[in-house]
Amino acid sequence: MTQQTRADGRTPDQLRPVRITRGWLDSAEGSVLVEFGGTRVLCAASFTSGVPRWRKGSGEGWVTAEYAMLPRATNSRSDRESVRGKIGGRTHEISRLIGRSLRAVIDVAALGENTIVLDCDVLQADGGTRTAAITGAYVALADAVAWGQAQGHVKPGTVLRDSVAAVSVGIVDGVPLLDLPYVEDVRAETDMNVVVTGSGEFVEVQGTAEGVPFRRDELNGLLDLALAGTAELTSLQAEALAAPAAGFRA
Amino acid sequence: MTQQTRADGRTPDQLRPVRITRGWLDSAEGSVLVEFGGTRVLCAASFTSGVPRWRKGSGEGWVTAEYAMLPRATNSRSDRESVRGKIGGRTHEISRLIGRSLRAVIDVAALGENTIVLDCDVLQADGGTRTAAITGAYVALADAVAWGQAQGHVKPGTVLRDSVAAVSVGIVDGVPLLDLPYVEDVRAETDMNVVVTGSGEFVEVQGTAEGVPFRRDELNGLLDLALAGTAELTSLQAEALAAPAAGFRA
Amino acid sequence: MTQQTRADGRTPDQLRPVRITRGWLDSAEGSVLVEFGGTRVLCAASFTSGVPRWRKGSGEGWVTAEYAMLPRATNSRSDRESVRGKIGGRTHEISRLIGRSLRAVIDVAALGENTIVLDCDVLQADGGTRTAAITGAYVALADAVAWGQAQGHVKPGTVLRDSVAAVSVGIVDGVPLLDLPYVEDVRAETDMNVVVTGSGEFVEVQGTAEGVPFRRDELNGLLDLALAGTAELTSLQAEALAAPAAGFRA
Amino acid sequence: MTQQTRADGRTPDQLRPVRITRGWLDSAEGSVLVEFGGTRVLCAASFTSGVPRWRKGSGEGWVTAEYAMLPRATNSRSDRESVRGKIGGRTHEISRLIGRSLRAVIDVAALGENTIVLDCDVLQADGGTRTAAITGAYVALADAVAWGQAQGHVKPGTVLRDSVAAVSVGIVDGVPLLDLPYVEDVRAETDMNVVVTGSGEFVEVQGTAEGVPFRRDELNGLLDLALAGTAELTSLQAEALAAPAAGFRA
Amino acid sequence: MTQQTRADGRTPDQLRPVRITRGWLDSAEGSVLVEFGGTRVLCAASFTSGVPRWRKGSGEGWVTAEYAMLPRATNSRSDRESVRGKIGGRTHEISRLIGRSLRAVIDVAALGENTIVLDCDVLQADGGTRTAAITGAYVALADAVAWGQAQGHVKPGTVLRDSVAAVSVGIVDGVPLLDLPYVEDVRAETDMNVVVTGSGEFVEVQGTAEGVPFRRDELNGLLDLALAGTAELTSLQAEALAAPAAGFRA
Amino acid sequence: MTQQTRADGRTPDQLRPVRITRGWLDSAEGSVLVEFGGTRVLCAASFTSGVPRWRKGSGEGWVTAEYAMLPRATNSRSDRESVRGKIGGRTHEISRLIGRSLRAVIDVAALGENTIVLDCDVLQADGGTRTAAITGAYVALADAVAWGQAQGHVKPGTVLRDSVAAVSVGIVDGVPLLDLPYVEDVRAETDMNVVVTGSGEFVEVQGTAEGVPFRRDELNGLLDLALAGTAELTSLQAEALAAPAAGFRA
């Protein structure tokens, strides 16, 4: 593979500029504006005491997520799902992915019978919205858990067993690339979203041949890129959580 | 009326800090983040050539609007309308109000057979979301019209006959107040939304007795406040349009 | 303003023939067929003991309304909202308006934990359907309250603090007119619906510039007309309630 | 069978008082308020040139029907189907039955490529709403066909090959009864709706054992009653069509 | 009537080959694949303890049914009702018919507070799907009742007062025919579905004139055919229930 | 890894008994009943000339899929999606996966402007329904393509560039297992669905940590199992297509 430069000047194994702004909303128990280049996702964590009926009395909490895009997040306007009266398959799929990813790192027994809902709304989409959403939602979740502990709703101790981050990788013109913006994404032969814990283990691996099927060595090359990328995102999450929340005017 | 101070330190006839940030999205033909204090509404204008079928061949354009709130825009989370599968009455009502307000100042014949859709999504709600939306949407509309003219889709000349802005007024503890935040709004006996053109004429007057009916002199007092407030908003709109678009990092 | 005659021979400040027929249905706790000229609305009040869950234990009752039009109430047939599977914005808006108007005059504590639902179904529409509905619904509500008291569900005493009536006003060819039928309504530059209590105070003022914005003196002229019109409707409501219910064969 | 008297004083083979009021709406091409005792159904026929897409170019017209009940047509209020967002099975079933019954007597070739929609809205329900609807809808249909011929949309000549009427019959306490009101209907062991042409042939026979199955001789007894009842309805339809339309104030 | 032969070689009064295969599913409390010629319906009975809320405390059970067709059950593919987001009138109508037919023979008091849902899914449709569904559903219901008794959820004793079966009859080219396949069904002038108990009494008689109305003697001829056909189906049901369940590999 | 035996007696790398029955429906252009042990999926391919509007004039065809489960396919009954009025996220997700998998091997240019819809309806579910559906749908697709060529709708030549099959793998008690039935699936720590072409390249890799995250070596072990399993399925598909269609009575 030649170390060619991409349209935005990055090397194949380079992330776009990533920003994680905590405290973007005034009243949510956790809120993050996460940016992967031009992709901007607002992740809001809502903490409520109690759990859905089917989980009552279990002593365990519940974490779920809903993903959506504003109609003009994309280059051309899309109809609202509320106006169409139904949620599309892609939206469902991504909401479920985010929820599973967060549940992989939370200790629901330690959370106790509390519910945290993560709303991930894409304000602007430039590829990688689901991976940005997972990466930002983890930080909002951490803030909501801390809020629950500060308020006494959750017992002190470790509730999040690990952090979790996600990145997209893909093969464009035969070259494996990290963190694809929209212009690369539409040209990718293979597209993969990888969700990885802070300790480097897989939570989800979703690879799709958009055009031609992919070989096992290509799969391996993509996983290498993804693991390096998520390790970097893990550091950025930790930094964001270590600093004071910047808030909306950041 | 005694010139008492409000919880946020304002006088009864004072607006909250208002910010109008143009160019908040990279690809929309017009986009504005409008803030009335803690209320933040993202207004995106989408320009498309052509009109809905029922208007084809008329030589006239069409302007419409859709209003929505993110689930955690408010203090406690609301269910998504897309998940519930239907749009609530309040959402419908406000979308229609925004659309009517903008159509009152646009010359649809001068626009030609083009459509502009205004998406007003409330990112954070602290009272007055519909009036902020109208005020911001007008600016996004002006940018979209200019874009259409720059691209040659719309003929040169005046398309917007006037500007339009809106503000809420209400009576709290017997005192008429301008631009109510949430804490005042829930306590208001009478609540009024007033939409006014740049030249000071009414487009909409919507007054509602929440608790006790209101007298004609009270109505007059509220209209005085509203006309002063919208005159100020008209100036802020003009300033925003005169300056270069600040963009997302403003 | 010259005292010109309208298409139906009325003067600008004259109501259409108004008829309020009580007891139009055999089993509803209150029912009124209200006619404003060719506009006919059937208002049925359904009394049930108990309140919605969110109000239980408050000691207070609840009054709500639903408005709808039969498909052939209008000149050309409209699709049923039940067939389309969703309720339109206009329907939502009017249902909410009727409910708010009635709640402005009812003492929910005196009503006790009982619910009254007002169904306002437009059998024939010739302009002013929402104002006719409010005017008729008040009478049906009064009958349902009386029924509740006669049955011992509601304690004796004053439950309705005042009556409420509504009328439309508008400017056609520069002339302010009272109680617009369809042919005038479609030509109105400004259209206003005004809801007024029996003692002459405002419950709702909803003015909309359909074509050109309106000046403050025009607003004042319209309010003058509306207050005179609702005073007359208040008398007609009182007369109807004083006489025995006429029933369907009236 | 003893010739016992029913709660409302009728003999087993007697219809309730039937009234067919033509011209109840001002603008519909045909409109009838039909009453079978306390059951009141408003039947509006809407004539439009042209046919649904799947029938274009066939040279044939189309007749269809929609049935619905106002929420307070019944003793206790039912939720609106528009609010629930879907149409119930019973509504679907009856709409289809009315449409099929009318199509059995209309010559669609003679109608030409025109569509007539029959809206049958139950204003008050006291048993037999579907049979009243069919009986009234036929008269409204006849008026709409005449309107189409008078306007020149339909060629002169016979479009309706026959008339059609319907009645309910049922077995209560072992006694076959004609035209059941609600109090009898809920107690019927067997319930049958029979649709018959003016010349006495069957269009629909729908018999249902509500409690215990019924024998063939019972079926025959019910059919005897139904044929006598529909013969009487046929006369009343003819009388109504022979007289001038009475209109709303009848 | 000449004793002519039909396209598939049957005489007018002959059923198609009927197969009733019990135990087609591994885990349902009752399951039957029923075939009427090329028509194949999978009937699954689901037994659950408890009843819907409105029936609680009555001591009585509940039986209901849902009918549906796979999209490619028919010659050309139909859209899924789940994708269209609503259930069609025909589906509603048949689901209700199956439920009523089964409830006519079950002793709900003997069933106790238990619910049995019959799912009748048409895998392949060649006419008579609703009659095949009723005939098969009865057998699945009998198995589910037996399961409930074997498990001790239902007391020993007679729960099914009788069996129930159904068949279609119709007049094609003036000839009354039993058990119509699709090719005959589309040509039938009159179409009738008849539901009959094991002891030969009627549960439902639904006759429809598709083209021309039918005379009373024709009705009688069709009922003769239907009673002979259902008697035969009653025997086949009894045989199926007497033999061991054949299971999926039958 | 010890070569332990599973509950159903299989070794970890052994498929369940697989049966592919072609021609299960009489009229579909391709139809397959595919069984993976107790999992039974009916795959029907519907061929229609023409393509959706957005693809017209492209010269290319379209292949899409819809997946659904009968309500009693599972151990306990699930509500119908048609009754709930909306399609769940899981259904959407699987429908999209099947469609993508088939499109990966079809040459849409060679198909020409024709559409093939694959309906995959789960008659009985015992784990692996989506992988069985893909494996069976490929065979039904091949039959529908052949039908299109035989009818002259599709030009002779290669339309399917390769075959495609799918299998599930997972880690249960630390042991990687092939083709999980329901009892293993619910206990799996990691669950992966792998879609592979006949030539052994990947179309989709979807791995999910249900409980604890998984390491890269575990991922590799699962991929080894999956490639062996899909190679075997590829042979079974080829065998099925080489033999004459067995039909429903197989």
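Labels for the chains are A, B, C, D, E and F, by order of writing; each one numbers its residues from 1.
One rule holds in what follows: contacts are C-beta pairs under 8 Å (C-beta built on N, C-alpha and C of every residue); 3 or more make two chains touch, one makes a residue touch a chain.
Just so we're on the same page, UniProt names per chain: A, B, C, D, E, F = Ribonuclease PH.
Because the structure is a prediction, the values reported are computed rather than measured.
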| item | value |
| --- | --- |
| Topological distance between chain D (Ribonuclease PH) and chain F (Ribonuclease PH), in contact steps | 2 |
| Remotest chain, chain C (Ribonuclease PH) as reference, centres from CA atoms | F |
| Maximum centroid distance from chain E (Ribonuclease PH), chain identifier (CA atoms) | B |
| Turn needed to bring chain B (Ribonuclease PH) onto chain E (Ribonuclease PH) - CA fit, degrees, nearest 5 | 180 |
| Where chain A (Ribonuclease PH) and chain C (Ribonuclease PH) are represented by their mean Cα positions, the distance between them in whole Å | 51 |
| Interchain centroid distance [CA atoms averaged], chain A (Ribonuclease PH)/chain F (Ribonuclease PH), Å | 29 |
| Cα-centroid distance, chain E (Ribonuclease PH) relative to chain F (Ribonuclease PH), in whole angstrom | 32 |
| Residues of chain F (Ribonuclease PH) engaged with two or more neighbouring chains | 85-87 |
| Ring walk, chain A (Ribonuclease PH) to chain F (Ribonuclease PH) and onward | A, F, E, D, C, B |
| Chain B (Ribonuclease PH) residues within the chain A (Ribonuclease PH) interface of the complex | 25-28, 31, 38, 40, 42, 44, 46, 48, 66, 68, 70-72, 74-77, 80-83, 85-87, 91, 117, 119, 121, 123-124, 126, 248 |
| Chain D (Ribonuclease PH)-facing residues of chain E (Ribonuclease PH), complex | 86-90, 92-93, 95-96, 100, 104, 162, 192, 196-197, 199, 201-209, 212-216, 219, 223 |
